[in-house]
Structure formats: structure tokens, C-alpha cells
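Two complexes are shown next, each including chain A; its partner changes from chain B in the first to chain C in the second.
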Partner chain A sequence: MLALILMFFYIPVFLAFFWSFFLERPFGGGSEFVGLQNFRRVLSDQEFWRAMWRTLLFMVLAPGTAIGVSLVLALAADRGIRLSHPARNIIIWPKAIAGASIGLVFVFIFNPHLGLFAPLNDLFPGLWNPRIDGTDAYLMLLVAQVWNGIPFNFIILLSGLQSIPDSLAKAAAMDGAGPWRRIIDIQIPLLTPQLFLTFVLEFVGSVVEAFGLIDTMTEGGPGGATTLLVYKIYVDGFKAYDLSGAATQTALLMTAVAIMVALQFRLEKRVKYER
Partner chain B sequence: MKDSGMIENARSVDRAATIVLVAGMSFILIPLAIAAVTATQPYETFIEAGGLSFALGGHFLDNMEKILSETKLLRQLGNSLAVATIVAVMKVGFCFLAAYALVFFEGKFRRALFAVMIATVMLPLDLRVITTYQIVANVAMPLNWILDATGANWAIEKVAGFRPYFRLSLLDTYFGTAAPIAANCTAVFIFRQFFLTLPKDLPRAAIMDGAGPIRFMIDIVLPLSKTPIVATLLFFFVGAWTNYLWPLVAASTPDQQTAVVGLARIADSDIDEIPQVPLLMAGALFVSFIPVALIAVMQRQIVRGLNLSSR
Partner chain C sequence: MTSTRLAPAAAIALAATAIPAPAADIEFWYGNTGRIETAIQAACTAFNESQSEHQVACVGQGGYEAGMQKAIAAFRSRQHPVLIQFFDAGTLDLMLSDAVVPVQEAMPDVDWGDYINGARSYYETSTGDLFSQPYNGSTLVFYVRTDELAKIGATEIPQTWEAMIETARLLKDAGHDCPFVSDAHPWRVLEQFSARHGVAIASNSNGYGGLDAEYTFNGGLVAEHLNNLAAWREEGLVLLDQDTAAGKYNRAFNAGECAMMEASTGSYAAAYTAHGENVAIAMAPMYEGVERRNTLIGGGSIWIMKGHDDEDVDAARAFLNFLRREDTQIEFTRATGYMPVTKSALTQLENSGEMGDLVFATVELGVSSLNQPGNADSKGIRLGFYVQFRDIFKEETQKAFNGDQTMQAALDNAKRRGDELLRRFEQTYQGATLP
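Right, the complex of A and B next:
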């Protein structure tokens, strides 16, 4: 198994960096050392930077929304009211549904002529059209990603809330802190480790998980408005056979992700709470 | 439950919580409900209604029948089952052993091993799909490098008169699709966390009773770990089932593709006409049914077994 990890993890990671210094021909046609030329080519490509910015924006918006929504839901489910039981079950269903499958459903729901907003479009033509309007398409992608991202964050945050000792809430209640007050002053601060975990995982996840959604919903369009880096790498590598370009972008993206995760871990050291 | 023993008026909070949960469940369920309703409509009614409508059509079985007869989704469902099972068993089996070694044995390489595994959690497969594809397309590639680098190839060329180049592709195989997904050590952390909660005297007692490390693992640790093992197996099964980018490139023939990939390919085929939306929705339900049922039925076991709170 360690051999498998070497084979299918370390060698591919190494290969991405290695190939970024070579001009690799498709179909094994040999390679040629070109130094930093690949990086120069990629970094001077407007399309790369646009995809990078779209990815970064997505990495802020999607985890932020998904975690915010999950936090509110988890706080509500933690109240132990009658609905908590079914909610705990239903809210994690999307975990079992592939992005590519739900993408097909969402693209139908958001279809400007067939979907939910079709009547609105009849009244105000051109109000909503993710096939033409890039912002609409990006929003549509975001909604689908949040839908798919809620369950995991919800599970983590809810089990975090449930591990907060009851006695703390009781003590605070004795001191006169109402339930709203306790959410702000006790529950959320004590949830910091779980919030941190969800941010790290969602951050990395949002870079790649949107692929299934993009491929089934927009194919990167309209006009590249939803071409995140992971999709661009796929198109460059598997459709345009630009192996060196794709490997270089992979290397850059992996470096960016590694740096961001490292930064987040540094941040964690500062905000550590002892229970 | 938490506030039931307290004397305080929590009604406003509980009312807000109810509203929040209703809204949350609606957000999750409405897309699924729309898919389910549309899957019951015949194509003609769908066109007549001008798209989305909330009328049940009574053609659910007809649409399902079409899925079974006109697409390869049933076979692809079998592929998904095979790939997801291989992934879950490999991942859980290895991570269990690795975590066991990390927790119960002092070793020189423990820290190094831990670092080696942590990295696999940070860089997901979809991020390195380009080069992983190249490796799976020829798993003998590293062997060729070694032969080249050590000069063995040069020697063979002198003696035999040809330059050996080995080629073995795992594309379009279950193993080739499953192994790269399984090369990930997330579960090591879950098992490690779990093992650390076991009583410290357990291994000592086992040694006193004369049990070796393998005995101790099989007779004591394994039965105790039933909950996390079941949970991680289910979790990774579902995770592998819903994977898309890697299975999309790892299997190129419809007969070897997984169900999720197969579904997306059906959606691709007719881009010009009004898509067969009812059929697609039926297909989406068809490929999602098994994992959703697993999650819905086993929700408690999964959440408890992953033990995500004690991080």
C-alpha cells in the first residue's frame, strides 16, 4: 500500500513539477528541457490569471457560504427540538449525491426557458440567463456547490456542538445568559477547532470539487466565466494535449494550495482554545 | 434536549431554530423533489407544459425502463459498485494498519511516516489528475526510468541489441480506477484518534497475557474498532461512488465507466434539441439511489464512527 501511495501520489506530484521544466510531447514523443519557459508561457497567459482569480473568488465565496449556512443549521439542530431528528438525517443526503448528478438537476432548475425562473423570464426578458450571462452562471455554480458542501460541514459542526459539555450551558444560564447570548459567547468560541477544520477541508475541496458541476452545468462557459483552474487544466491536458502547460499549471496550483493550507495552520496556532 | 432541564423561556430561540431547519431542509429537498417529480413525466407532457411543472406524470416506471434498456447505466452501476468497494476496502484496511503501527509501536520512522501520510490529505487526486493519468496509462514508467538512470538499459542494449521499454496500462480496469482514489490517508487520522481513546493499559495487559502484536490487533483492537471501521467503509464507499473527474479520465469505454460518468455522458449526447429532461432526472435518481439510501439508513453509525468531534 505504501507502494501504491508512492506510485499514485508521490510520483504524480513529482512528475507535475518535473514536467513543468520540460516540453513534453503528447503520446510519448520525447521531451526536451526548456527551463522556465513553461512557467513564462503560463504566467503571461491572460486566461490562466482569469481562471486563477475565479478560483480564488470561488475559494472564498463557496466555503464561506457553505460553512455559514451549515453553522446556522447545526446551531438549530443542536436545540433538540422536534425537527432536529429528521433534519440531522436529511441535511446530509447531498453528501451521497455526486456533483455531476446534481449538476444536471440544477442546470434544469436554472434553465432560463424550462426551469424555475422561466415564468420570470417571460415577464422580464433576459433577467436570468446563465447561458449568456457569466455572473448568472457563476452564481448558479455557487448555489450548487453550497448545496453539495453543506452536509460535511454540518456533520462536523453539529458533532462539535454536541461535545460541548451541558454544564457550561447550564452555568451560563444561571449567570443569566439567555440562549441567544450563549450562542455568541459560548458555543461559537468553543466551536473554533471544528470551524477551523471545516475551513481547511472546504478550502482545498472547493478548488477541485466544482469540476463535476462545471462539466455538467456550464462546461466553463459562457465565455469562460466559470472556467476555474481545475477545469482549465483538464481541458488543456486532455482536450488540447498540452501536457507541459497542464503540468505547469498543476504544479502552480498545488503550490498555491500547499501555501494556503500552511498559512491556515499557522493561523490555527493563534486561535487555539483549550476546553 | 439540552434546555429541557432549565427554567428559562427558550421559545423564541426554538421558534427561530424551527424556521431555520425548515428552510434548510427545503433547500436540500426541493432540487431532489423537482428531479423526482420530473422523472415521472413522459417527454411529451414535459414539452407541452413548457418545462418544469409540479404535476405527477405517472410515467416513472416507463422512464426507468428506458434507462435500463436504452442506456448502459445498469452495467455502469455495477462498475461503480466494484470500484467503490475496492476503494473502501483498500483505504480502510491500510489506514487501520498504518494507524495501528503509529499508535502502538515506537519506531524511528514514525514521524516521517506520519508526514508522508499527511501530505496525501492536502493534495486531492483531482488536483494531480494530469500526471496520475500518465502513470496509470503506463505503470511501468518508473521502472523504465530506473533502468535508464542506472545504465541497465544501456547494458541490455549492448548485449541484446534492443532498448527495453516496458508498458502496462491500467486504464479501463477496476483496479486502475480505484487505486489512485485509494492512495489517500484521511482515515489514518480517524483511526489514530480512535486508538488514542483506548485505555493505555490495554496493550500492556495483552503483553502480560503473552499476546503478540498481531494477536493483540486481531483479538482486541479489531473487535473494539467495529464502529469506526463500518463508518469509514461506508464513508469512503460513498465518496468513491460520487467521484467524477478521475473516473471520467481513467475509463474511456462506456462499458468500464462508472454510473455518475455514464449519466453525465447521456446528458452530453443531445445538445441541440430540448434535452430528455425526464429521462435524465430518472437517471440521476437511479445513480444516486444506493449511496443516498446507505447514508440515510446508516446516518447515526457514520456520524458516531467518524468521531469528528474529538479532534
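Right, the complex of A and C next:
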């Protein structure tokens, strides 16, 4: 087990950092130590910062929306409203679909000429076209990512809600607390461990999993509007044979994610696991 | 008991010794898919059946770029194949990689002069030696639908951009929504355009003169053309991928959305299937008053990779010789719509009397487009990290087409970012000389 982790995790991480200090030829046979030159180049590259900014925005919007929507759904399902049992089942299905397949389906749904918004385009020409408009494309990506994230979050949050003892809600109700009051003062505070878990997972997922969606839906376009950092690294490293640049950006991305996860775990100190 | 158990094993052992083992089992990696992959596999089978000495296993990689990625990984771990097909844009990266043996060095006895000029110049060294064997050759041509043109009374295929845009205006006035379609891919609007107009996109004759080249396309005819394209698109005369319902220029043409397009000779088969006799092709349009030069060869060529023993290289030679044979080339052309790349194959095709067949419709035009008189700037593209540059060019011009910046700003940005790539390439291959 340790050997596997070493082989598939620590060695690649180490190599990424190692290569970021060299100019590496794609086919090997001559790598030159250049010190911090790669970092200077990447950090002074506007495209890198744009991709970084898009990634950060995505890291906030996607988990935020995915968890928000799941929370609403989970609260509704927990209250046992009509049809909540079949809904619990159906909502889980999208989790079984791979990112690339979701991408293909959403490309069709959001097709400006044939898709869901086509009638809208007939009324207001040019209103929706993710192939031309960068903001539309970014939104499309966001919707697909959120849609993919909801099922898992829903399960986690629902199981969290259901493990909250009934007696608490009953006691609160006897004291005159309405459903909203009970959500805010009892359910959400007691749900923080699950909220924290989903947040960390969604957060890392939004950096990594978006790749399959971008590759099938937009290929980073139009005009680079959906080029998140993971996709840029892939393009630079594999399509453009810029191994040093890709390694440098990987090192920077890993550092950024590590810092944020560390911050999240500082936040975790405030999460109460005891009930 | 033991004897019955041993009998089958003995039989297998006997059978194994009875068949003469092939001298070498080698692999050939290629990137094409679909109909072309079928044709490549057919050529492999034909080779393996034609002799018993060598066996070639042809392995599809699912795309040119994927093939290159896998080759890089395989070479680094010493698992690479003997033969591999690469696409045009990766030429310089491979020439300097020290991972390949020039075909002309590996096979000095072959008459390499038999390859048509347009196919040679892209893949040859500064001293005129071929580095790789041209295989699937295509080039850019102009497609029109004669039935659509007839509706506005046009009988001639436009030869110039001026005539093309006039025709496009007439079509638009007659209510046509998509007169001309392109995807503004740099292969079409930059490389093929500059080559046939005899202008360079970078100094040092597009890099043939040395690694210290700089991009120059942000001024002159190329810049003018891209500004025109942007203006024509505003006017509704030129549509790009994203403006069509089909979402892709060739699908839009084949679906009947568009009346004219600039596309590879390789698109002919599908266009003919869609529109039959109503599809006509001509050489790509020129600006008035500019002398027509050759277009560049697209598609791929086959490279011999380093680090294999003599037996394997012998098998590779035999396979390359087989692919070069006239009849093999003609069969491949028939199945794929690519062009024959040697003069003798062309002559044999002409003599066979089949040239008039529709399956060979693009051959005469394509080859004559490749064989127009060239100059120093129409030889090809020899610029480092060129695949990455294509992405930059697409990204910047796309922003201009979407109205986020002017076309001139897009070209200036693409030049600046492209030059950074060239400098880094120069530094990465410090000490290496251009072959």
C-alpha cells in the first residue's frame, strides 16, 4: 500500500517540483537547470493569472451552489414531504454518470440552435450562445459541474440530517420553534461535520473533476474563457510538449490547493463532531 | 496418465517449431481514425500477407496528438515503436528530438527525388534530405455547391477572394444565410493562405533559416486577410463554426447550410456523399494581383524511431518500401481521398485511365495546387512548439471574432505570445542545429 502511494502519488509530485526547475525536452536527452526561470515566466504570464482567477472563481461558485442546492433538497427529503422517498432514489442517479458523458449531453442541451434555449434565441437573437460568449460557456460549465455534484452531497447531507435525534426537533417544536427556526438553530449547526466534508470534497473536485467537462464541452474556449488551470496544464504539457511550464503550473496549483485545504482544516477546529 | 497430459503440449511445441518464426515483429503507430484507419489496417494486412519475413502490427492511437503524447511517454520509457506517423505541425519538434533517424539516412538507395515537390519541402532538411516518408497527403482546396451558385446566375467558381466575396454578397441578397464557411483554423487562414500567396508568417523563411525566427504575420497580407474575414463575418458573408447550426464548418457544408467552404481535400468524400454532382472544387482563392504559389501538404508522414536493432529496422524498411509502391498508394488514395505522393504513382494512376473516377477527383487538383511554383516562404513551417502556437492563434483570433478585441490586437498578441514560445524553444534546444 505504502509502495503504491509512493509510486502513484509522491514520485509524480516530486517530479513535478523537480521539472519546474529545468527546461525539459519532450523526448528527453537534454534538460537544462534554469533555476527559477520557469516560475518567473509563468508568474509573469497573463494567461496563467487569468486561468488561476477563473479556477478560484469556479472553486467558490461550484461547491457553493452544489452544496446549497443539495442542502435544500436534503432538508425537503428529510421532512418527509410527498414523493420524498422516490426523490431520494432518483436524485442519486446522476452520480453514476461520468464527467465526459455529462459534457456531451449538456453540450446538446445548451446548443444555441437546437437545445433548451433555442426558442429564447429566436425571440432575442444572440442571447445565448456558449460557443461565442465566454460568460455563457462558463455558466454552462458551472451548471454541469453543480449538476454532477448534487447527488453525492445530497446523500451525505441527508444521512447527516437523519442521524440528528428526533427528540431535539420535538423538544424545539414543543417550545414553539417553527420549521425555519429548527433548520437554522438545530439542523444546520448539527450538520456542520457533513457540511464540512462535502465542502472539502467539492472544493478539491472543482479543481480536478472539471477537466472532463471542459474537454468535452468547450475545450477551454471560446477564446480561453473556460480554460481553468487544470485544463491549461493538460494543454501545455500534453498538446504543446511544454513539460517544464506544465510542471511549474502543477507545482503552483498544488501549493495553492494545499494552502486552501490547510485553511479549511483550521476552520475544522470549529466543527463540532460531538452531539 | 502423464502421457495423455503431455501429448497436447508436445503437439503445440511441434507446431511452434514447424512455423518459421518471423525475423522481426515490429509496431507501427498511427493517429487516424474511421475510414482512414480501415485503409491503414488494410495496407498492414496486405504487407503481412505479401511476405513471411516480417510482421508489422499497426496500432491506432486515436488521434495525431494522442499518438505524439504516447510516443513521448513511450520513448522516455524505451517502449517506443519502430515506425510512427506524425502530423505536419510536429515536424520541427521531432527533427530536433534526437529520437528519430532520417529516412534518407536509413534508406539511402531509395529514389527520394520521386516524391512530389509539395510533399518533399515540408519534411526535408536544409540540405534537401527527407527526414520522414510522406504518407497521407492532403491540401487545402475550395468547395462550392454549383446548384446554390446557379440560383444567383453564377456559373464560374470564384478564383479570387474579391470574386468570392462578390458571389457571397449575391447569395446573401438572395436570402442565403451562409454563403461561405470556415473555422478560421490557422492551417487554413494562416499557413495555407500565406504559402499560396508567397508570404512568410515568420522571419528566416518561416524558421527554415534558423531557430532565431520571429513571427511576422501581424502585418502585411495575412493581417489584411484576417481583418477582412472579421469584417465579412460582421456582414454575414462568412460564417465560422460557432455561427452554424451544425457547429462545424464541414458538417454545415454537407448538411446544406452553406454554399462555399475552404477545406482539406480529405473532406471531398463526405461532401460528395452529401451533394453528389452539385459539389465542385477548385484551388483555394487568391487576392487579385498576387502570384499563386504552392499550397502546403497536410496530413502525416512516417518516421523511423531510434534505438532499435538492425532486424527491426530492416522490417521497417520493408514496410516503408511496401507503402511507397505505386499500387499501394493508389489503393490508399481510392479508400481515403488522400493524394498519391510520388510522381511514379501519379503517372501510374494517369495511365490506368481511372483518373476521371470521382474517387480520384481531388488528386489532379490537389497535386497541381501542391506543385505550383514555390518561393522560400512557401516551403513549409519550421517553427518550434508550433502545435501550442496554433492554440494561441485560435484563442486570440476567436476573441477578436467574438468582439472582445480588435483583430489587429489579436494578431499582435498572438505574435507576442508566439515569439515567447520560439525563444523558449530556442533555449530548450540550445546547442542543437537545424538539420
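Please note the rule applied: the second predicted complex is superposed on the first by the 270 of 275 C-alpha atoms of A that agree within 3 Å, B and C clash if a C-alpha of one lies under 4 Å from a C-alpha of the other, contacts with A are read in each partner's own complex, and residues count from 1 in each chain.
Simple rule for what comes next: contacts are C-beta pairs under 8 Å (C-beta built on N, C-alpha and C of every residue); 3 or more make two chains touch, one makes a residue touch a chain.
None of the values given here were measured: they were computed from a predicted structure.
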Query raised in the report: Is A:84 contacted by the first partner chain B, the second partner chain C, both or neither?
Result: first
Requested in this report: Check whether A:162 is in contact with chain B, with chain C, with both or with neither, and answer first, second, both or neither.
Outcome: first
Query raised in the report: After superposition on the shared chain, which partner residues are touched by A:23: those of chain B (first), chain C (second), both, or neither?
Result: second
Requested in this report: Answer with first, second, both or neither: which of chain B and chain C does A:238 touch in the superposed model?
Outcome: both
Query raised in the report: So, A:193: does it touch chain B (first), chain C (second), both, or neither?
Result: first
Query - Touching partner for A:101 - first (chain B), second (chain C), both, neither - result: first
Report task. See if chain A has more residues touched by chain B or by chain C, and give me that chain. Result -> B
Report task. Examine A:111 and indicate which partner it touches, taking first as chain B and second as chain C; both and neither are also allowed. Result -> both
Report task. Determine, under the contact definition given at the top, whether A:132 touches first (chain B), second (chain C), both, or neither. Result -> second
Query raised in the report: Once the complexes are superposed, what residues of chain A are shared between the chain B interface and the chain C interface?
Result: 111, 113-114, 238
Report summary line: In the complex, the residues of chain A that touch chain C are 23-30, 32, 34, 41, 47, 111, 113-114, 129, 131-134, 220-224, 235-236, 238-242, 244
**Report entry** Interfacial residue positions of chain B with respect to chain A in the complex
**Finding:** 1-6, 8, 10, 13-14, 16-18, 20-22, 24-25, 27-29, 31-32, 34-35, 38, 50-52, 90, 93-94, 97-98, 116-117, 119-120, 122-124, 126-136, 139, 142, 179-180, 182-185, 238, 241-245, 248-249, 260-261, 263-264, 267, 274-275, 277, 280-281, 284, 287-288, 291-292, 294-296, 299, 303, 306-311
Query raised in the report: What part of chain C is in contact with chain A in the complex they form?
Result: 65, 68-69, 72, 75-76, 93, 97-99, 241-243, 245, 247, 385, 387-388, 391, 394-396, 398-399, 401-402, 404, 417, 420, 424, 427-430, 432
Query raised in the report: Taking the complex as given, what residues does chain A use to touch chain B?
Result: 1, 4-5, 7-9, 11-13, 15-16, 19, 69, 72-73, 75-84, 86-106, 108-109, 111, 113-116, 118, 147, 150, 155-156, 159-160, 162-163, 166, 169-170, 173, 178-180, 193-194, 197, 204-205, 207-209, 211-212, 215-216, 230, 233-234, 237-238, 243, 246-247, 250, 253-254, 257-258, 261
